[in-house]
Amino acid sequence: MGEKLLQVQDLRVSYHTYAGEVQSVRGVSFAVEKGETLAIVGESGCGKSVTAKSIMGLIQDPGEIKPGSRILYEGRDILKMKKREWRAYRGEQCAMIFQDALTSLDPTMRVGKQIAETLRVHGRAGKAEAAEKAVELLRRVGIPNPERRAQEFPHQFSGGMRQRAMIATALACDPKLLIADEPTTALDVTIQAQIIDLMKQLQRELGAAIVLITHDLGVVAGIAKHICVMYSGKIVERGTSAELFYHPRHPYTWALLKAVPRLDLKNKQELATIEGTPPDLLSPPAGCPFCTRCRYCMPVCKEEMPPDTDFGGGHQAACWLHDPRAPKVDAPFVVRKEAGGI
Amino acid sequence: MKEKEPLLEVRHLKKYFPAAGGATVKAVDDVSFTIYKGETLGMVGESGCGKTTCGRTAMGVYPKSGGEALFDGRDVHKLRGADKLAFSRRAQIIFQDPYASLNPRMTVADIIAEGIDIHGLAQNHAQRTERVYELLNMVGLNKEHANRFAHEFSGGQRQRIGIARAFAVNPDFIMCDEPISALDVSIQAQIVNLLVKLQREMGLTYLFIAHDLAMVKHISDRIAVMYLGTLVELTESERLYDKPLHPYTQALLSAIPIPDPEIELTRERIRLEGDIPSPVDPPPGCRFAGRCSRTCARCRRETPALREVEPGHFVACHLV
Amino acid sequence: GCGGGNAAPETTQPSAGPQTPDAQGTQLAEKQEIQLHWAAANFYSFDNNANYAAEEIQVQSHVLEGLVRPTTDEAGNQILAPAGAERWDVSDDGLTYTFHLREYYWSDGVQVTAQHFVDSFRRIGDPRNAFDFASFIGDIVGGEALYTMDTETASDADIEAAKEALAVKALDDTTLEVTLANPAPQFLSKVGATYLYPVRLDVIEAAGELYDTDYTTHVWCGPFVVTGFVKDNSMTLEKNPTYWDAENVHLTRVTLINIDEVSTQNTMFKNGELAAIVPTGDYVQPYREGLAGDNYSYVHGDFPGVSYFYFNRGGNSTSGLMESQKVRLAMSLAINREEFTQVVFDRYYAAYGFVPYGVQNGELTFRDDVTEPLKAEFDAYALDNEKLRALFKEGMEELGDTRELSEVTITYICTGDTAIKRQQQEYWKNAWETALGITVNVNVLGDSSLFREERNAGRYDIGQAGWNGDYNDPMAFVEMWSSHGTSIRYSGWTEERAAQFDTFIDRLNAEPDPAGREKIFAEAEQWIVCDEVAAIPYMYSDTILCVSNQIQGMTFPFVGPRFDFSRAYVVA
Amino acid sequence: MEQAADNRFVIIGCADADKEAIARPTITYAQDAWRRLRKNPIAMASIVVLVLMVVLVIFGPLLCGWEYDYMQPTLKNLPPSAEHWFGTDMLGRDIFARVCVGGRVSLLIALVCTCVQVVVGCAYGGIMAYFGGWVDNIMMRVIEVMMSIPYLLVVIIVMMVLDNSVPSLLVALCVTSWCNTARAMRGVILQLKSSEYVMAAQSLGAPARRVILKHLIPNTIGILILNTATSIPNYIFQESTLGFLGIGLQPPNTSLGVMISLGQAAMEFYPLQLIFPAAALVLIVLAFNLLGDGLRDALDPKLRK
Amino acid sequence: MLKYTVRRFFEMLLTIFVIATATFFLLAAVPGDPLSDRADRLPESIRENLYRKYGLDKPVLERYVITMKGMLHGDFGESVRMPGYDIQKLLQETLAPSARLGLQTIVVGVGVGLLLGILAAMFKGTWLDYIIVFFSVLMISVPTLIFGLLLQKYVAGEMGLFPIIGWPSGEELWFGGWAYTVLPTLSGCFSYIATYSRLLKTSMLDVINQDYVLAARAKGLSEPQIVRRHILRNSFIPIITVLPMSIAFALTGSFFIEKIYAIPGFGRYFIESVQSRDLSIILGQTVLMSIVYVAVVFLVDILYTLIDPRIRVGGKA
């Protein structure tokens, strides 16, 4: 077990809206070790971005991090930091790659300058030096002709290049923790593959820990060491990548895995789906949030939140199916020969 | 097999946009294909390669820069007045972005009924309401959603509203412009299933645009692969998957993520170097030449034409 | 000070007449400079022949010296003091005036000669110049013939010939002889107006286009010279060292500056930055009652101005009722002039006649001798609504109109939306409606052009006007109703009625004796306001000025410039 | 385990009915906007003020018992008292009654003119932006010409063609008022024009009118509200300026603008004659502005969630 | 770029021609002429001669041709109301004070307005925001004239801090004599402060919710840095759209302020020449206004591209 870089403990975040309190994140805990990659997977609206923003201290007005939540970075609770400490922490210790690169780059500022900005505010470099470093960073993320590109504006970049520019910005101060919030969602498969490769390579070179957020299990298969599956503000299953792919324990994980399109399926054959939508976080159900969409729903699921069941090796799942009283259910498909029932 | 009847014939279609400094963006450059009645033609390609532009130009939404698009034998760009209205009833579009394509200040009922109102398909209000309910039901939403606003729905639900809007006028042909790209994987499948079901029930023809080959393969009978404004490969979907001929298609196939760490970690991916080049005044020769691992001198010199290498399998590559 | 016939009792009499500082034994201040407000926008031209606005006269009267200068004597009476002319003789028949010029010089050293006056008289009469006050030479033999020439038909040669024929002659350098067509005692007053001050044709020619606008092309012969001018903003006058009476001119520099807002003027006067102000509106009362401090003197005097209503007596008027003399009279008697001046202005005088206080007929002051014609009738009716309505109704019935009074609507046209104008409009509307039981429809027109358009089209019953005398003679107030006058173009004042009125003018032209003239003027006035009811006079203007105690020797002529500071001085 | 426990651990699957349920209560757009507006105390206070103003403006003169044009020349320029709540003016009329009547006229003018400004501005701007090309070019030039021709001339023409009455006052106020709105609308609509929902409507065969009215204009509310709320005092003052030209309101009719400009003349000695109408105006404008801010937030779909 | 400039130039000429023609005929359609006021008091014969002297007796079309011919040579003709003046001379004598006052007003008004807008946006919903809203509403709800008079009476008159009236001239025409300019500038800038603070607040609120602001925060920038480097620039775009109108109007003078402070500026001629139907001055002013306007719009278009690189000069998407 490596050293813990980041520990999130019982994170609860709510947004106060006209309709009431939206409980976006409801008690999420996880830890990231130095240099490892943790993936958080879950569908849209389940609270992934809110979690990421909490780590960066970017939860704003209608949002509130509930008391009792703790986020420890190198053992220090960052939620108790002062403004100035936050500024030193953001960008230098911990950087974030945003979901939508087009809207996350200032359209009126040259790309090179936006990258250099991080260096400048952290006093890492003077003006000229920062500009040079920005070009260097662009080269490092694989942008051809970086000298010229640094002088261009974001709208002159293609989607993939913008995403790389975002990565370059995030990497500017060699942060120890990189939070990548759906860095590839808006991109097409070839670029997506390139970006993932790039992140892998950078991690090898720099040794930064990465928290990779996505809704696509396929994307994380080749990069993550640990995976958390999030659903409706909670982590429903967690474990190492291999455990999760080969021995998934939660019906939601099963459904996610099944939903990834596979080329070996028959033409126009009905695809596996998860019918329905996640519960509204305004009034989250008392029981398992997945129960309305779950094929294995039991009366108890609607009444009571299932406890985490530990399967060893850090693999946990929160599902009543693992209760001894529940009927035995086989995973509805086989990823590999040796994968099987519970 | 009965004789295939063409519905939309696209011939040498071109669409250029003016760009900064008097340059032109050749978004679609000499593309030809035919869509037959009742089939689904998939169209894949990287972001920005001109899929949307190609589809929209073929539908007459954008004025063309060259070539022609015949819908049922009539040039869609020359339709005027009543003909145009009739065409807009027969051919519909489902848009890429479920957030941007629904007017935030209209109720779902009004959005769906827009076509009904325009084409006067309902005699009275009751009939209109009934039809709206029917459509909502068809796409798996219920009546109670009719008076809500788009923002209250999730992405998948929004996309279904967009589908209901397109189906409201009982079209024969629908261009689905990346209807799933912006959605979660779990919801993508819902939409694809819905489209397949509706096609089966109503005998529709689709032009299905996406950048994700895996999903396209499911729904399409034939697939066209686009690269930087041109078609590089066009064939039946099974065959494309089994035996991709164009190097770009091969790269595309290899990039599909597989939810299996072992495969992902070990499989050999075809790495494409660099990004898609700019469609602003593209260089002569094969457009893919800059990123292809097998480029030869000829590729840089001569633009390869789309050839039928096997019956029904068209490829634009000198090396096949 | 200005002689005030019926001046309000509060009047503080200012120091009368031009006095020399030594006579008073006062100490002159080091700095003999003052500043005065002056509506600069009304200064259009440096050409004294072309002038027509009061602000132009204010300047010209200080930078030029004409034959005579209107001013006040020690007792505060209006006089025409010898100026450029040392003295003058009038022939017994009152037709020939011989002016003997003193030896005085233009600022470029050229002597002012009689020819300069001849040039001025001819120039103002030249129809090609179309000067506003061309009619000022109308009394002179050949004058009317000259200025009424039609420039379209008359050739230049004709015009030159007519100019030659004008009976103004330079007998020698210092003797000017003018022959009048009929004995017109008002002629001398006209000569005191700046329009007839001397001009230099050589200077005019040299200046060319710049003559109107560029003061540097000009030469001066008055107590001051112009040394600075910012269009529509300010004018600087400095003492003219070569002026014939320079030793009695004390101010070295006078700045006339445009200060539009009365509150600004007030602030500046209080701060001692203005030598004098003309308070208006709500500002009058505090100054009058001494609430504004005690370092100023309050001057209240007469002013030759009358405000009146006129009628549309054509058949095209909106009500058609104004043809009836009784209706007109009823309207005239229905208004409470005292209350109006008190409530709306808190100054001015109620007018029951047409000739204002202070207007002189030779030595006689007209209003002192002749009672106002409307007074008796007004007292008879005593604002009794019943009687007034009966009179109005009677008038209507004479016209065959049998409507009830409540059904009658008359239209009253006017301009302007300043606070004071609005109050007047609202007051009149209210007054007629309550007294007569009719409806008065007020139509406020946008600008004077629109107003004229409406008036000339006859879409009204009653309209509002004011008239200021250009010279000090009752003639200035009755002439307008003659066929030479300006009323002829509107107010239903037809040629016929004007011709009727011309009999008074003819009689006046034949009568050189002031007492005899006074009688005829009285008849004419009676005819205008009572017999004919051509107009409803309601208010005579007055002058209110506040002068800083620091400034002495300023006079306020009845006609001509509002302030005459040519002999004023600043005390220490 | 017990019987009960067994029941709880039986797989029942998910019921179809809940599948697409949305937990939030069904509320319409307007309801929702209203609801959010109600949560905004400032906006609610503004509504209360406006309602009060409207009530006062209609019933005020009845309340105080004075006719707005009843003159008592002997009682001029009185300070406020139990008799005359706001005192009297220079002709001895009750200022409270006059402020009420003036407010009535000013409110009417402000509302009518902003309506015209919004309607014409939207239509013009919408057409201009929607069609683009030479249509846009020509219509843009027309605006340039409209805005460059001296306004006074236009007003005088209006007075000539129509007569000197309140309707012509309204026309005069509205002649060029829409130009700025149209320009602003054009800018926004140019952006909205390329949005996908517009394209969707077009591909359904929607005619231009429908696209502009149903799709483009409703989405410019934010700009419109800002534009409208700030132009209200403008109209009120312009009315009094036009009064200077003798347009529209004939004595003894009055408006806040007229009262303010008359009050300005009396400012030095009877400041209350200026302060009362000015305060009424500030109150109205403030209420409209704050309500506008609240409405914009309430109506903005982006701010909903 | 050059092509665009040339096109714009010709479009401008055409527009100006249309504006001048429209103004001419409007004026011809309106009752009254520059002489009618004076002529009203004159005997008939003098009156006729006066009209003939200024050529106002000619038919409208003939006068139109004469006027347009003159305009081609840059000669708008002589004022009838003010003998000896034409528009050039008038501008020479009066434009400088107006332009200086206008510039100062714009700089202060827009500057302070923007500052308040920033504060209001950053402290949205707090008492500071409401105070700013209240004052900006107060500023647009009280006429310039009243502000001017109040400032003059109290600040200049009673406190004696500044001169009551006047304007620097001569050497100090453009620089210097600042004491004179303080109050006029202040009275003029209120309406700009109000307008621009509201505008900037609105557009900043739009920008503040953008992702790149969040991204900047994630880089560790402080709030003031974020505002300065990212928010402001992006919120200026809507401001720039309305700025040309303000500048064009401000440069050509403010009637009320010039009146109150006795500033020898150009502002008064706007209203006066229309009221007196003084064609040559009206035409000259109108054309001047349009030129200033078009020129400022052109400059602003270029400014646009500097501020927002996505926009191209003359380009339509």
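Chains: A, B, C, D and E, in written order; residue numbering restarts at 1 for each.
By definition in this document, contacts are C-beta pairs under 8 Å (C-beta built on N, C-alpha and C of every residue); 3 or more make two chains touch, one makes a residue touch a chain.
Here's who's who by UniProt: A = ABC transporter ATP-binding protein; B = ATP-binding cassette domain-containing protein; D, E = ABC transporter permease.
Because the structure is a prediction, the values reported are computed rather than measured.
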Quiz prompt | Required minimum of steps from chain B to chain C, each step between chains that touch | solution = 2
Exercise. Determine the shortest chain-contact distance, in steps, between chain A and chain C.
Key: 2
Quiz item: Where are there more C-beta contacts: D-E or A-B?
Solution: A-B
Quiz item: Whole-Å distance, chain B centre to chain D (ABC transporter permease) centre, using C-alpha means?
Solution: 45
Exercise. Let me have the rounded angstrom distance from the C-alpha centre of chain B over to the C-alpha centre of chain E (ABC transporter permease), please.
Key: 52
Practice problem: Find the geometric centre of each of chain A and chain E (ABC transporter permease) from their Cα atoms only, then give the gap between the two centres in Å, rounded to an integer. | Solution: 54
Quiz item: Going by the touch rule set out above, which residues of chain B reach two or more other chains?
Solution: 157
Quiz item: Can you list the residues of chain A that touch 2 or more other chains?
Solution: 275, 277
Quiz item: Out of chain C, which residues touch more than one other chain, so two or more?
Solution: 263, 447, 450
Quiz item: If you look only at chain B, which of its residues touch chain A in the complex?
Solution: 46-48, 154-157, 181, 183-190, 192-193, 196, 211-215, 217-221, 237-238, 241, 251-253, 255-265, 269, 271-272, 274-276, 278
Quiz item: Which residues of chain B touch chain D (ABC transporter permease) in their complex?
Solution: 56, 59, 61, 84-85, 88-89, 91-93, 95-97, 100-107, 110, 114-115, 118-119, 140-142, 144-145, 147-149, 151-153, 157, 162, 165, 169
Self-check item: Contact set on chain E (ABC transporter permease) toward chain D (ABC transporter permease) in their complex
Solution: 11, 14-15, 18-19, 22-23, 26-27, 29-31, 130, 133-134, 137-138, 140-143, 145-146, 149-150, 153, 194-195, 198-199, 202, 209, 238, 241-242, 245, 270-271, 274-275, 282, 285-286, 289-290, 293-294, 316-317
Self-check item: Of chain D (ABC transporter permease), residues touching chain A in the complex
Solution: 1, 5-15, 18-25, 32, 35-36, 39, 304-305
Quiz item: Considering the complex alone, what residue numbers of chain D (ABC transporter permease) touch chain E (ABC transporter permease)?
Solution: 42, 132, 141, 144-145, 147-150, 152-154, 156-157, 160, 180, 183-184, 187, 190, 194, 222, 226, 230, 233-234, 237, 260-261, 264, 267-268, 274, 278, 281-282, 285-286, 289-290, 293, 302
